[in-house]
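Each structure below appears as structure tokens.
What follows is a pair of complexes built around subunit A, which joins subunit B in one and subunit C in the other.
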Partner chain A sequence: MQVETVNLTQKDRKAVLAQMIEKGGGNLTKCIQCGACASVCPVAITGLPLYCKRLFRFLQTGHLEEILDDASSWACVACNRCTEICPRGVDPFHVVFAFRRIQAQELAIPASATTSLMNFYTTGHAVYGDASELRQKVGLDPVPPSTLKYPEALKELQTLLDESPMAELGLF
Partner chain B sequence: MVQVGTNPNIELLTYSEVEEVEGSIGNFKVKIRKKQTYIDWDKCTGCGACAEACPAKVPNEFNAGLDTRGAIYIQFPQAVPKKAVIDIEHCLNCAGRKIGTQPKISKKTGKPILAPCEKACPAGACDRSIAWDPEGELIEVEVGTIVVATGFKVMEKERFKEYAPDSPNVLTALQLERLISATGPTGGKLLRPSDGQKPKVISFISCVGSRDQRYHTYCSRVCCMYMIKEARLIKEKYPDIDIYMHFMDVRTPGKDFDEYYTYARELGINIVRGKVGGIEKLPGDRLRVMGYDNDLGKPIEVKADMVVLATAIELPEDAKQLAQKLSLPMDGSGFFKELHPKLKPVETPVEGIFLAGCCQGPKDIPDTVAQAKGAAAAAAVPLAQGKVVIEPTISEVNPEKCSGCGVCVPLCPYNAIKLEQYGDRPRAQIDMTQCKGCGVCAAACPSGAITLHGFTDAQIFAQIEALTKAA
Partner chain C sequence: MERCGLYLGCNIPLKAPDIEQSMRKVFPALGIEIVDLDGFSCCPAWGTAPSFDIDTWLVVAGRNIAIAEMKGVDLMTGCNSCFGVLSEAKHMIEEHPEKKAMVQEKLAKINKTYEGKTKVYHIAHILYKEIGLEKIRKSMKYKLDGFKIAIQPGCHILWPTKVMEVTEKNPFYPTMLKELCEALGAEAPYYSRLEYCCGMGALRSTDQEKSFLLVKEKLLSMKEEIDPDMIVTTCSSCYLQLDGAQKILKERGEIDFTIPVLYYTQLLALCMGFDAKEVASISEIPREEIIEKIQSEERAQ
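And now, the complex of A and B:
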């Protein structure tokens, strides 16, 4: 384990906070680092390095570039246990999602998330696999009654996505 | 407390409640209801025989609900005065002995059939044939000054769903305090409630309901120290018990306090900085404490036999009712508000009423004693002097102009205005000692009969003129 000293005065805390506020993560300043969120966070318990509490500390101390490529935030399952127990009203889930928006803007999106997004655009399902055989086996229509069956619904969804900020990422 | 009970200059009214307070400094009239005890206190010797005989089972408030008491009981062994009372709501009226009825006569023996409490009392203090008035007795005392010292309560564990409150092995710190007390439910033996076994691992959790936007934003101030005290008492008596203390921050300011904490570390008590996010119940009545270690930078887990929650200090509901009776304001945290946080810490906006102890804000015993002595001294000053100095900028009613409409009476935040007969009709009158010169009445008076001295229309116009005059 290697430890290096951080020169805090060289960090531009204001710029990082401004970005976070712009993306809806202004509650970052309310966090007092008590650790309650991390004690129940699935991201932390599965062993990923940048779970809510640590992520907030990095951001509070002006680290952004260093952590931009870390994929931990994409493992947040939005269970909201953090929001339920946070004693300071930080709403950690929303702050994590604000960080994700910065990551997405910088195209720091892990492959798993890119694939899900592209699947969503092309099929209407973020998680997509061919289940037609299984469905037939249990007596169901091989094509589920979703965007897969109704191309006009898929068209509507694609129109919505094309109009959203996600289109700017150029993934689809 | 014993000294207070025996001091000839102090009249102690226990089991009593303030019903109404009227008047102002020097002349307060306080109506006090002495609740009905159903026991002749002149005869009761406090032997406790009745309490032992009573078959009723009521959660024992003094032991924080960890055991039961009878319907006839003495609140705790050191109670002053040490006298029994009947909790009539829970009384079973054994042998059909409702209060105020004559006993049935036994056909066999020809003697009256008495309730167990009556039979047990060797002093004849418990006589259920007497028609005691359930309303008790209403007395009125005249006092010059008042010191409010309601004390506090701690939050119940049921409010905290994330900490498995339904487990009997999750205790509040006050419950633990009773559990390790020689006069407590186990006679001082540390046994966990679910199975009466000695716990091997105990977790303490701080800031439960304190420093928390969902409950109270303030720090309850005493929890860090009493948790360390309880942990040390346990560790010194049973060094084999593993103790974990989960703190948000360790706050031990005060003389000798930090040394006390440091020694807890030396004793081998595990101090963990990081708040606990959840507790899960495990088989065998154990508990999984899901915490975080800020210094390790990792989530942690403790499998505990018992968990102690340091729940927040707050004021009981009836303290708020008392505040209304005294016209005292509360602050944003729900405590009685002092007149000035630095310069008038025991005074209140109502002249002649003072504060002491936790009713003004969470504090420990040394601070409470210091503040109580301050409040007692402050309350004695006007009594000794026999006069009070009042502010010159207060309001006054011109009775000739007053129509007696009464609009001002409910508006006054200090209860200073009353309608009193003047000439042919009642007209407003302002008590000079109670008025604080806020000016609400003067602004509201439709007849322009109230003047706020120092702020008359003429004076304000003159100020405007001076300010707007071309240089």
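And now, the complex of A and C:
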């Protein structure tokens, strides 16, 4: 007996997939929900709701608006255990980050990320703090040889960022 | 290899400069001149450009790699996140000719050239592959016989192997850091959460309590299974988490012990006889006692 394809959703799956492809997560279509990624994922282990496998199912069935504000994806540490273990070549890390990029476009961004981004633009370091005293205490120059020491280097970085699509978000 | 670019990132020069100083001491002493990558920026960290736009990620990473390339050196970093971000970016740039052309075009506007000659290494790779265990053994003033170490390689040095120059035989059972610690005379036994994530990075900034679940489980696994004298890591993020979160867990009464934490080049520098004030003097969990034991007269060679 021939079994007809079961359609689990009436959502616009193609529109969501098109966005995912544009943001670098096109391998989403290869996922068969085996769960290998989730078995090694720190986000899944800690019990956050929208870990890799579950996120992918929402996206595959065209549910995007429903999950846009969930912060789980921003807890992904990019460890890439999933990429190593996935038997289908999904590159789950790239899919999670593609979803993050869609969230970012809609400004569904945690405060910690906006602070890092502002630090990154204004100093060249996402993690920033005045370390001159600590550095001198251990016998180093007060300023590391980075954008902090070379203003023209910071200007180069800012030029690259100003000309990027990121500038349109108005976060720096 | 006679010279190598040292890519510092953010955490090492700004939160734990004693780690930076330990690198500046050990590499020249082992025959590798450190070249500073003047004007480098943040790699860009996972939560910045990689979370917003792939091309911006590749261009900023490409700029950092280009600084090394224009000085004619390969690049090594002691931060696992930087290693992951730069390795992944280099892999994407080299795999996709159109991305490479895009990076070259954007960098040309700021007078930087990128060809792709510079390789991206972790400092552990340079110690293990370029310098080698034998040379490390011979450099030691104080040997670590009788010490037990819990090793913490961290995530980004292990996965994904397809983007790296140097890999473990099985990244889920890593041995490089174990061998580096054993070369110092110490024992570095397996514990069941050895390859687990420490909970730092995005997890810590997004949900601190979830992050603490992971680090607590790791610390308990170390303590109950091997009861180490110290924790040794080659990741600056793991270092900050294992040291900083451990103090918080102890204050809350969630653990009833503390284990001192050292970055590998700090431990190596101490074994080579460098001054602890310069190479290992900034931490939340006190290290004076273990340092005194390491640099003791009876251990001197």
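Quick note on the criterion: the second predicted complex is superposed on the first by the 162 of 172 C-alpha atoms of A that agree within 3 Å, B and C clash if a C-alpha of one lies under 4 Å from a C-alpha of the other, contacts with A are read in each partner's own complex, and residues count from 1 in each chain.
By definition in this document, contacts are C-beta pairs under 8 Å (C-beta built on N, C-alpha and C of every residue); 3 or more make two chains touch, one makes a residue touch a chain.
As the structure is a computational prediction, the values presented were derived from the model and not from experiment.
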item: Touched partner set for A:76, first subunit B, second subunit C, both or neither; value: second
item: Touching partner for A:88 - first (subunit B), second (subunit C), both, neither; value: first
item: Which of subunit B and subunit C A:122 touches, first, second, both or neither; value: neither
item: Touched partner set for A:33, first subunit B, second subunit C, both or neither; value: first
item: Subunit B versus subunit C as contact partner of A:45, first or second or both or neither; value: both
item: Which superposed partner A:61 touches (first subunit B, second subunit C, both, neither); value: neither
item: Partner touching more residues of subunit A, whether subunit B or subunit C; value: C
item: Doubly contacted subunit A residues - partners subunit C and subunit B; value: 45, 81, 84
item: Subunit B residues within the subunit A interface of the complex; value: 162, 207, 211-214, 248, 273-278, 290-294, 297, 299-300
item: Subunit C-touching residues of subunit A, taken from the complex the two chains share; value: 23-24, 42-43, 45-48, 71, 74-81, 83-84, 93, 97, 100-101, 104, 110, 112-113, 116-117, 120, 124-129, 131, 134-135, 137-140, 144-147, 149-150, 152-154, 156-157, 159-161, 163-166, 169
item: Complex contacts: residues of subunit A adjacent to subunit B; value: 32-41, 44-45, 53-54, 81, 84-85, 87-89
item: Subunit A contact footprint on subunit C (complex, rising order); value: 8, 10-11, 13-15, 17-18, 20-21, 24, 36-42, 44-56, 59-60, 63, 81, 84, 106, 109-110, 112, 155-156, 159-162, 171, 196-197, 199-203, 205-207, 210-211, 213-214, 277-279, 281-282
